[in-house]
Every structure is written in structure tokens, then in C-alpha cells.
Amino acid sequence: MNESRWVLSEDRFFDPDPQQRDIARHLYRRVKSLPIISPHGHVDPRMFADPDYSFGSPAELFIIPDHYVFRMLYSQGIPLERLGIPRLDGGEVERDPRKIWQVFAEHFYLFRGTPTGIWLKQELYEVFGIDIPLTGETAQVIYDRISERLASPEYRPRRLFERFNIEVLATTDMATSTLEHHQAIRASGWKGRVIPTFRPDDVIHIRARGWRERIRTLGERTGMDIGNYSRFIRALEERRAFFREMGATATDHATLTAHTERLSAQEADAIFQRALRGEATEEDAHRFAGHMIMESARMSIEDGLVMQWHVGAFRNHNQLIYERFGPDKGADIPIAVEFTRSLHPLLNAHGNDPRLTLILFTLDESTYARELAPLAGHYPALKLGPPWWFHDSLNGMRRYFDRVMETAGLYNTVGFNDDTRAFPSIPARHDVWRRASANWLAGLIVRDVISLAEGEEMAEQMAYTLAKKAYRLG
Amino acid sequence: MNESRWVLSEDRFFDPDPQQRDIARHLYRRVKSLPIISPHGHVDPRMFADPDYSFGSPAELFIIPDHYVFRMLYSQGIPLERLGIPRLDGGEVERDPRKIWQVFAEHFYLFRGTPTGIWLKQELYEVFGIDIPLTGETAQVIYDRISERLASPEYRPRRLFERFNIEVLATTDMATSTLEHHQAIRASGWKGRVIPTFRPDDVIHIRARGWRERIRTLGERTGMDIGNYSRFIRALEERRAFFREMGATATDHATLTAHTERLSAQEADAIFQRALRGEATEEDAHRFAGHMIMESARMSIEDGLVMQWHVGAFRNHNQLIYERFGPDKGADIPIAVEFTRSLHPLLNAHGNDPRLTLILFTLDESTYARELAPLAGHYPALKLGPPWWFHDSLNGMRRYFDRVMETAGLYNTVGFNDDTRAFPSIPARHDVWRRASANWLAGLIVRDVISLAEGEEMAEQMAYTLAKKAYRLG
Amino acid sequence: MNESRWVLSEDRFFDPDPQQRDIARHLYRRVKSLPIISPHGHVDPRMFADPDYSFGSPAELFIIPDHYVFRMLYSQGIPLERLGIPRLDGGEVERDPRKIWQVFAEHFYLFRGTPTGIWLKQELYEVFGIDIPLTGETAQVIYDRISERLASPEYRPRRLFERFNIEVLATTDMATSTLEHHQAIRASGWKGRVIPTFRPDDVIHIRARGWRERIRTLGERTGMDIGNYSRFIRALEERRAFFREMGATATDHATLTAHTERLSAQEADAIFQRALRGEATEEDAHRFAGHMIMESARMSIEDGLVMQWHVGAFRNHNQLIYERFGPDKGADIPIAVEFTRSLHPLLNAHGNDPRLTLILFTLDESTYARELAPLAGHYPALKLGPPWWFHDSLNGMRRYFDRVMETAGLYNTVGFNDDTRAFPSIPARHDVWRRASANWLAGLIVRDVISLAEGEEMAEQMAYTLAKKAYRLG
């Protein structure tokens, strides 16, 4: 790597051993141009609904919406206001995108050796053609170049979608969403496959702020008065049917713990009634969430939607940031999670049912080899999602391969998903995975654990096939 | 590795760096032909009692008894019935071993990169001379070749025992066992050293199914009416004496948690009486198990039996499988374990006593560097067992070396044990350990952490000496 | 490495890959001669107060004060008495340093592959010029050579301090310390910068043995009658001011768990009163410790002392050893620690305050990637300390780099500290860190994650700048 010019090495992220590197390169080249399957992420579907959608300024594209980026700057004492993050109270924040960009560029060194640094660099280089390092000195030149490109028609999201060779992109959508943007995409005749994912957390977490209003909205969407638990279940089933009509193949669920339990209909309704009255306790919310995981699995068995479950993020850890700027501001912190006992009720009820595909995600890597791989290597319904969030990184992937694959087996995993809000970072993220996979497989080949032909087949599975199959996107 | 012919590379599992590989090969060659010490495992002693014992069909040898194998197939939706696993209710299962073998061969790709895949391949290649890959196409040819060999006298267990160069093989036997097969081996005059291990779990876990009948059997074996706790203790002591006479040098214990506590004789008896009446609570069972660990350590100090303790397997997680097929069907799942506080009573009572050797096994690798290595690097009585079960793998061993050795020191570990039911897999398992050890030591040598001469001595310790000494097999 | 002569390879601890090794060597050479910043450790300041201080015999220097050393010997059955560790009851222990040294030398093989082995070897070689291996045969020859050198004026601590190129050395001192040795150092006119660190654990842990006497001493030091909580706080503030005058830039705190909570002044006083009466409960002590962490952060914000916090050591696990020999005898054992929820009160009160620098240390590596790196990558006040204690090792550092840096970023860490009582081991410990850092960075460079120039800058940060800045030693 040269300081005055950025060059992305052809062999980046591969082990230096020449023999392993040669094999890694060989495997990578076979999969690098495969279409992208993006079965889970947070891209805003609006950008595909409007054919003329523009990303705005470089600051609006790269910094303001990306909590991976501004959390690091914040950790080094830069107030979020200086980065243009909008305050809930409408208070003063920096509005000049050039100034925001300048601060970011001056601190870009903070991202050395981080996945965010890797993605940003590759995105700048490959998507925007920036081939000089981003520093305080080069900030404004680079700003100009990016702005210029963003203004051109080639940088409309639909054009990038095609250029990125995305076969399917799943968004994540609230149970109460009208899916208007998905409808608009369909109506437009554009051929890009952008599908919704049903995420009912907002109506399931009964003590979350605004829950009662959302239940009212859920009622409006379904034309029901959701005054009791059984109507709530019916409403969810209707919404799932609507999402399926709109192309969804999966649901997504997030909880703090992996607790599961089946409540009787009476217990469930009693809790639901307390929630409607604003009287639900923490314990109620905990038990209801555990019960709704069971119910969601039951619904998935019936309607065929693949179930994703993300466990263990303590949301909005920093109350000051939450109150001033709202959620998703880089202050969600993982906790340790127990799976073996917690999933016992769920897996005993539905884990042997081959109609169910339950994809689990964790932020607690100590559970990879101890709990999740042994569970996934036994229960037919259970599959393991790729390294999530903080672990979506070179080291995170290496640890995942190291700890999961021997016990779960590759075929009980589901390939990669980018899980991103930052649409232009999608190719970089999949590229890191494909390189890391190729390098891992090359390591097995060079140690004679698998053959070259086996590695070739596995590389394709990891880049493309496993995700497509697990998410029923065939 | 070539697809049309299987060849096991001389250098398999070694790092690709030429310098490290050369040293690893050098160390490995020094230890690869050392006799096998197998101080802990689950081979059925019957196979050595009967000089004409035959393993049956390839399916009966490789698939039906091996939960490592069929759990992976089950996880991919293949019913255990199709694999010939007997149902407790006598229900229909596949009986044609060729069909079972065909299903297995068609799914053998699932074991890519897994330890089971490594063992099976090496076993097929080295024990049975199979040099073509196992696939759906080759399944029946390979079946025929294995069957042919299994029919020959060279494949009688005693002949294999000698061919495998096993110096000693310890089985695992219930406290109530008559050790009839061990007696028959002795009586036969055959020189193979097959010794029992005293495992009293069945009579210690007071809420386990069938406990009272086993207490009755224990009474029969010892000619006592075991109506109270003190007789129970006396009966155990008698059985231990009998096992020692029969060659045992060790006991084995398994509990869910690492809890230890000393009950007073009155408390212990009160719990025992409740258990006899079928009224023992979960709490009773938990405390009694913790107490019996203390008692077992006390007995070991007195009679010199080495104490093994396996902690943290949640048994029979899948109730449907347990009820239909029984225990040991691939549905035991690890849990997180706390050692530091839990072992406090035990180690304060007996940890400073050099007469005691307590060998600990865990499935929770997060405790390696945090709890177990610091404890073993201090208490004279404590030694660490090798990576257990899911962690008996190339990566598992590497993690174990990485996290244990710096703090515990090599000489507070006890070498390897294969822990297997699958007798013909024993050489492959020890070979993986010897290769992994050689490679680890080569990594230290090439980084100048140890000298070549030190590595040579350590390789021999790991392959042979440490296990022999720790288990008092000298 | 040659057996008859010890040679420390120029390239020790670097990866064997020639390309990575070349870069590692390059980076290491740039930083190996930088001054040593030692911002946290346990060296006795007395040795710098007395210009003629001598270390005594080799046994008194290397064995008797170093629990890293004698814990390993003890774990292999060697009584501490044979190693000359003084008994509290004045009972007989070995007094002949030559005999103690002989036992140590005969068992030096136990340290193969351990950090203690690495430090000792480098210390013997580089500080004492010993170039033959330490064994039972060479023990007495080496003893003589070391003794000879220890007798020479070049081996006075001040001379070594200068030879080691130490820019600053922080000791750790009780809140009640008069800092007499620090005063003597100042008064002597010697230019070495040896500064105290304020460690109030002894007066904060209200159920610890001797707490009331220490409170009395604290009263004497401050001229107050510490009869209530508010005077206790005032006394601590006064002592902090005194330590700051004496050059301290930091405090140090140790607790078993990471619990934090703010008590009301009334609650705090009620607990304090119970403690004075000897009636404080475990729960009281736990809550009071959590509260005092909050208070200490508050004080740090006011007086600018950097706050260090070491969490998770279960002290004096072995009661027999504790009663016979006292604390710090190699029987402190880590426990699992929860940070995300435990630090919530503290970080919400003070985590956003840029005036606070809180440096966290853990013995539970499972929290690196799961909790600590995500927290440090968000909260401005939080930084992560280097691998602590058992993890201050080649593998421990590699795991730390692997799990912390991607999420926290290098610039939210604080370089290295040696944390040692063994003054002559300081250069070896920093050298291991500098080599491990160089090798880690070389691994990133050779994989094109960072550029060479970035690696050069980061190597200097890790060796020198980060520690100096974080501890406000500029």
C-alpha cells in the first residue's frame, strides 16, 4: 500500500503464506462475480421507489446515517452535533456538510484496522473512484469528487443496484408498514428484486415507548379492534400474509435474551390486557416476548416464512444520547447470552420440524462453539446466521469459522448477510466475506483437511447458495 | 488431495509455513509410533472378552453406534429411523445396512472440515484400505470392501488392539457393573491391557430415572441393604476396591455444574432418605451431587484412584429424541460453567493434598484461560484434561494450547484421551492430537519461545508420558 | 536456540512467514529503544529512595517475591516453605538461598512456553548476562554469576532505572501511605521520575480485615476524626490532593465485580456507620464498593486523576495458603464478569464527560469483543487497559489485539503497562509487548488492512505515545 495513492491489493486479507494465498486467490476469483444475495439488511426501500432518488451530500451518505462511523468519532470526544446528527429537540447541529466531512476526514485514522475503515476505503475506491488517502488535507478534494459523481445519473440507487449485481435485496419493515415503497417499486416496472421482511418487534415489546399507538395502527392496517390477545395474533397472521404477497420470505425478531416459554392463551391475554392498560411489568414483557418467539415459530411453520432471531443487544445504553438523538446512535451494547436452557422450550416444541427454518444471530461469541454450533449440528430447524454487527469483520469471521464450522458443519450455516443501512457499502461487505471465506477454505486445503474441489464447492455455497437456499429465495 | 483417489498427506494438519512444517514433521515422526495410552473412553469391553467378536456390517460399525455421525445427518433433516437407530418402542426403522450406508455416503459431504470427517476418512483409509472418496456413487463398492475386511480374522478387536499398538485401554463402567467382560479378558490369558474405570454417576444422581433400582443392585453387589447414607458410602468404597482389584486406576464423574459443598452426615442422610422415598427435590439432587464430589475426592485420597470430572453437558436436550431413542443420541448440549467459586469448597478441602489427582474436563472454553488454567497453575491436586467432545478437534486443540498452556504450564495437563465408543477410530484420534501437538510446538520453536530440544521432550510428554503418569499407569 | 548456549534470537516471537517477519522486524526496530513508560505497577519505591539499595540474593530477587514463579512450583507439589516464602506464624522455612535457587533451577522446565519463562530468560540474559540454560546442573554457576553482578554498583536500582531507559515509573500506594519513599526520592535530587498512584481499596472495602484500623490511620493522616461518610469522602479528597502534589496522575481501584450504583448520602452513611460498628454485611460491602466507584469517577472529574479499574480477581482463593503465608501468594483466580449492565449507572453518570479517563482492566477475555470494545468504541470517558496478569503474554496479547482493536479502535486503548513487582523484569515485559505489537501490525500490513506508514505510526503509539497520553504524563 502506498501512501500517496491508495491501491487495493488484489490479494488483500489473504494469509501471507504463498501456497495458501495462491489457493485463496483461486477460490476468490471463482466467486467474486457471483450475484449478491442480500437476505437481511436495513436499506431504505424508498431509494428504489423513486427513480430519481439522490443520496445527497457525501456527509449525508457516509456519516450522518451510519452509527458505525460516528460512534468511533464520538468515543474520541467529538460531539454528535458537530457531525450533523439531528437532535430530537431540534437543537443546533452542524449543517454544513463540508465541515462535517472535514472533521470526519481528519479523524479517519481512527478507523485503522477496523471493518468500517475497510468498507469505507473500498467503497470510496471502487464505487467512487477515489484513489488518494482520506485525510484532513485531501478532504475537500475528495468531497468534490464524490459530490460530482453523486450528481450523475449513474449514481441513482437503481443503477447502482444493477452495477452491484444484486440478485435480491431484503429490507426490514415494521409489522405496521404499508410497504408503500415496495408497492411503488412493483408498480414502476423496474426489475430489481427488493423484498420486505416482516419484523414485528415494535408490536411485540409491550413496554416499549409508543406500543399502544402501534397496536392502534396495527388495528387500522387490519381493520380490527385489537382489544385482546387472540385478535393480536390474528392481526399478525394477516400482516404476515400481506408481507408474503409483497414478496417477503422471512421474518426478523430481536430480543435481549434468548428466553422462550409457552404461555397459556389466558396468561397471554392477561398480560396483553395489562399492556393495553399500561400496567405491564418488566417480567410481563420478558415472558410475553419469550412466548411470542414460540408463536412466531408456530406461524412460520404454517406460512413458510423463514424466521430470523437476533439476540443479545442492550439497546440505547447511553441515555443521554438516546434522549437527545434517539435510537440507533451507536450505543447498543452486547450482553452475554444463555441459549442451551433458554431455547429448550422452543426447540422441544418446534426444533424437530423440518418445515421451520430458524436462523439465529448472536453477539456473544462465547456461545458459538459452546452452545450454538452443538445445537445447530443437531436440530433440523436450526441454522446459524453469519457473524453479526461488531463481529462482521475479518477477525469476527475468522473466529466464526474457527468455532462454528467443526461442530455445526458448513451446511447448517446460511452464508452471509450484510445487515447494512449503507447501500453503497454492500459490495464491499460481501467482498470481505468472500475473501475471508476463500482464505479460510484455503487454510483447510493447504492443511489437507479438505480437497481443492471440496473447497471450490464450499466457496460457492458461502458466497451464494447457502443464503439463497436458507432464505427460500430460489 | 486428489478427487478420484484419496491420499492422506504426510504433512496433513501442519501449518503451511515451510520452516514450521519441517519442524512439525520432525517432532511428529518422533512420536507417531509411540504406544497409545487410552486412559478414558467408552469402548465396550465385550469386544475383547470374546476372541471371535465381530463388528457386524459397516453400518453397525460406523453409523448406528456413533452419535457424532448421525447427529449431523439428523440436523439436515434425515430421520434417525432411516439410519437404523433402534426405537425404544420397537417401531419400524431401516434394517438394511446397505441402505443406511447409502444415505450416509450421499451425505458424507456434510462432514467436510469436521473432526468426524477427519477421523472417518483416516479410519477408512488406514484401517480399511479405502482409497477412493466416499460418495453416493462409491457407497456400495466401499461397503463391499469394508464388509470383506470385517469378515477376516485380522479385523477381530484383539488383533486390531495389537495392530493399533495400544498399551492400555480404559473403559468406563457403572458402579454396579460386575465387570464380567473384564473378568473374561483376564481369564482368557490374552495380554491386552483393558482396565475398567469406576463411574458412580448412576447411583449418585438421585433423581435420575431408575435410581432406586440401581441402589438395590448396588446392595446386591455388595451384600448390603443400602437403607441409609453411611451404607451407601460403604458400598461405594467396596465397589472402588473391587474396581481397583480389576485394574482400575481412575474414577469418572459427570455433573451439570461444578457445584461443590460438604453436607453434614445428617443432611446427607436426610437427602438420601428422601431420595429413597422418591421425594428428593432438584435442590436436593444438586446439593447431593456437589457433596458426593467432595466425598469422591476424599475416597481418592484414601485409595489412590485418580479422579476425573466432566462438567457442563446438558443431557438429552431433545425430549422427543430421548423418548423415542434414549440417551446418547447426539442431543447433549454444553452450558456455561462457573468454576472459581464452585470449586472453592472442594479445593480448600483437598486441593493442597498431593495424594489427590483431580482431572477436570470442560465444554466451556471461556473458562480455559479465565478459571481453569489459573487454578491448575496453583493447586497441586488439579490437572486439566484435554479438549473434550466437541472440542476434540484441530481447532479445539489449537484453542486449548493457546489458552491453557501459558498459565497452567504443560506439566499441569495430562496429554490426550480419545473418549470414544468407536474402537477403530482410536488411532486416528490420537494421530490428530499428535499432529496438532507437533504443529503447536513447532510454532513455539519457530518463534523462539522454546528450543528444539525442549519441543522434542514436550512432544513425547504430550503423546505418551503425561497421560501415563497422570493416570498412574506406569 | 541452542541447548548449550542460550541465544535470544533477534526475531523472536515474530511469525515465521518471511514477509511478515521482515515487516515486524522493521517496526520493532523503530520502537525497541523508545523510553519506557511504566504507568502502572507494583515496584517498591524504597529501592529508589535508598541509593545503596541492594536486591539481596538471586533467590530474594527472582523467587521469594514473585508469585508468578512460586505458584507454578507449588502446583507441582513443591511446598512454599522449601522456596523460602515466609510463614506468618514464623514457622520454619528454607533460609539458604542457594538451596532455594537449586530447587527453582531443577524445575525451570515447568516454565516452558509461559510468559514467566520468557521474562526470566530474557532478564537473565540481558540484565545479568547469563548465556547458558538454567538447569539443575548449571544452577550454582549461574547463582554465582548473578550474585557477583548484584554486588556491583551497576546493579543498584537507580542505575538499572537509567540503563532501562525508563521515562516514568508509577508505583501503587495505599491511600494511607505517607509516601515517605517518594519524598525521599525527591529530596535526594535523583532525577528518575518515580511517581505514586492513589489506591484506596484498603479503606473502601469495608469488610476487609483491618479496615477499622486503616480508617483510623486515614484519620491520622488527614487530621480528622472519620466518624461518618462525609468526612470519609473529605479525607479521600485530601489524600488525592496530597498524592497529586507528589506527582500522581492516576488512581487505581480493584473490585470483584463491575457493579456500580449511586447510593444516597444517607444510605452511604448508614452503611459506613454499620461498617464502623463491624456490622456491615456482604451486601453492604458490595453496594458500598459500587458506590465508591461512582464517587471516585466524580472526584477524578474534579481533580483530573486518571482512574484505573481492575475487575474480577477472586483474591486468596486458597485459604490454607492465605492463612499460612498471607495475600499475593499466587492464589488469586479470575471470575467471569458482566460489564454492560453493571457499568450502566456509572457510564450514564460520567461516561460522556471528556474530563474523565477511566481505564478498564479485565481477566475475563470473553468480555473483550462482547462488552468492553463496544463500550470503549462509544463512550468518550472509557479506555481499555492492556491484557492483564495471566493475559500479559504472547497469546494473551494476540487475543487482545484480535478481539479489541476492530471494534474499539487502537486509539481507545492505552498501550502497555507491566504491572510488575519485579523491577528487573520491566524491560523484558515491555520488549514482549513491543515485539507482539510489531508482529500484529505486520500481520495487518501484509494482508493490506493498513499501510506500512500507518503501521509505523501505530507501533509508536503502542510502545510509547498512547500510555503517555492516557495517563496524562506528557
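Note that the chains take the letters A, B and C in the order they are written out, and that residue 1 is the start of every chain.
One rule holds for everything that comes next: contacts are C-beta pairs under 8 Å (C-beta built on N, C-alpha and C of every residue); 3 or more make two chains touch, one makes a residue touch a chain.
This one's a predicted model, so the numbers in the text were calculated from it and none came from an experiment.
Because subunit A and subunit C share one sequence, their contact can be compared position by position; here under half of the interface residue numbers appear on both sides. Between subunit A and subunit B the CA-based rotation angle works out to 120°, given as a multiple of 5.
Centre-to-centre, using mean CA coordinates, subunit A is 40 Å away from subunit C.
In subunit C, the residues that reach two or more other chains under the touch definition are 17, 336, 366.
Per the touch definition, subunit B reaches subunit C in the complex via residues 17, 19-20, 336, 338, 340-341, 344, 347-348, 351-352, 354, 366, 369-371, 373-380, 382, 402-403, 405-412, 443-454, 457-458.
Those residues of subunit B that touch subunit A in the shared complex are 1-3, 8-9, 11-17, 71-72, 74-77, 109-115, 118, 314, 317-321, 330-336, 363-366, 390-391, 393-396, 399.
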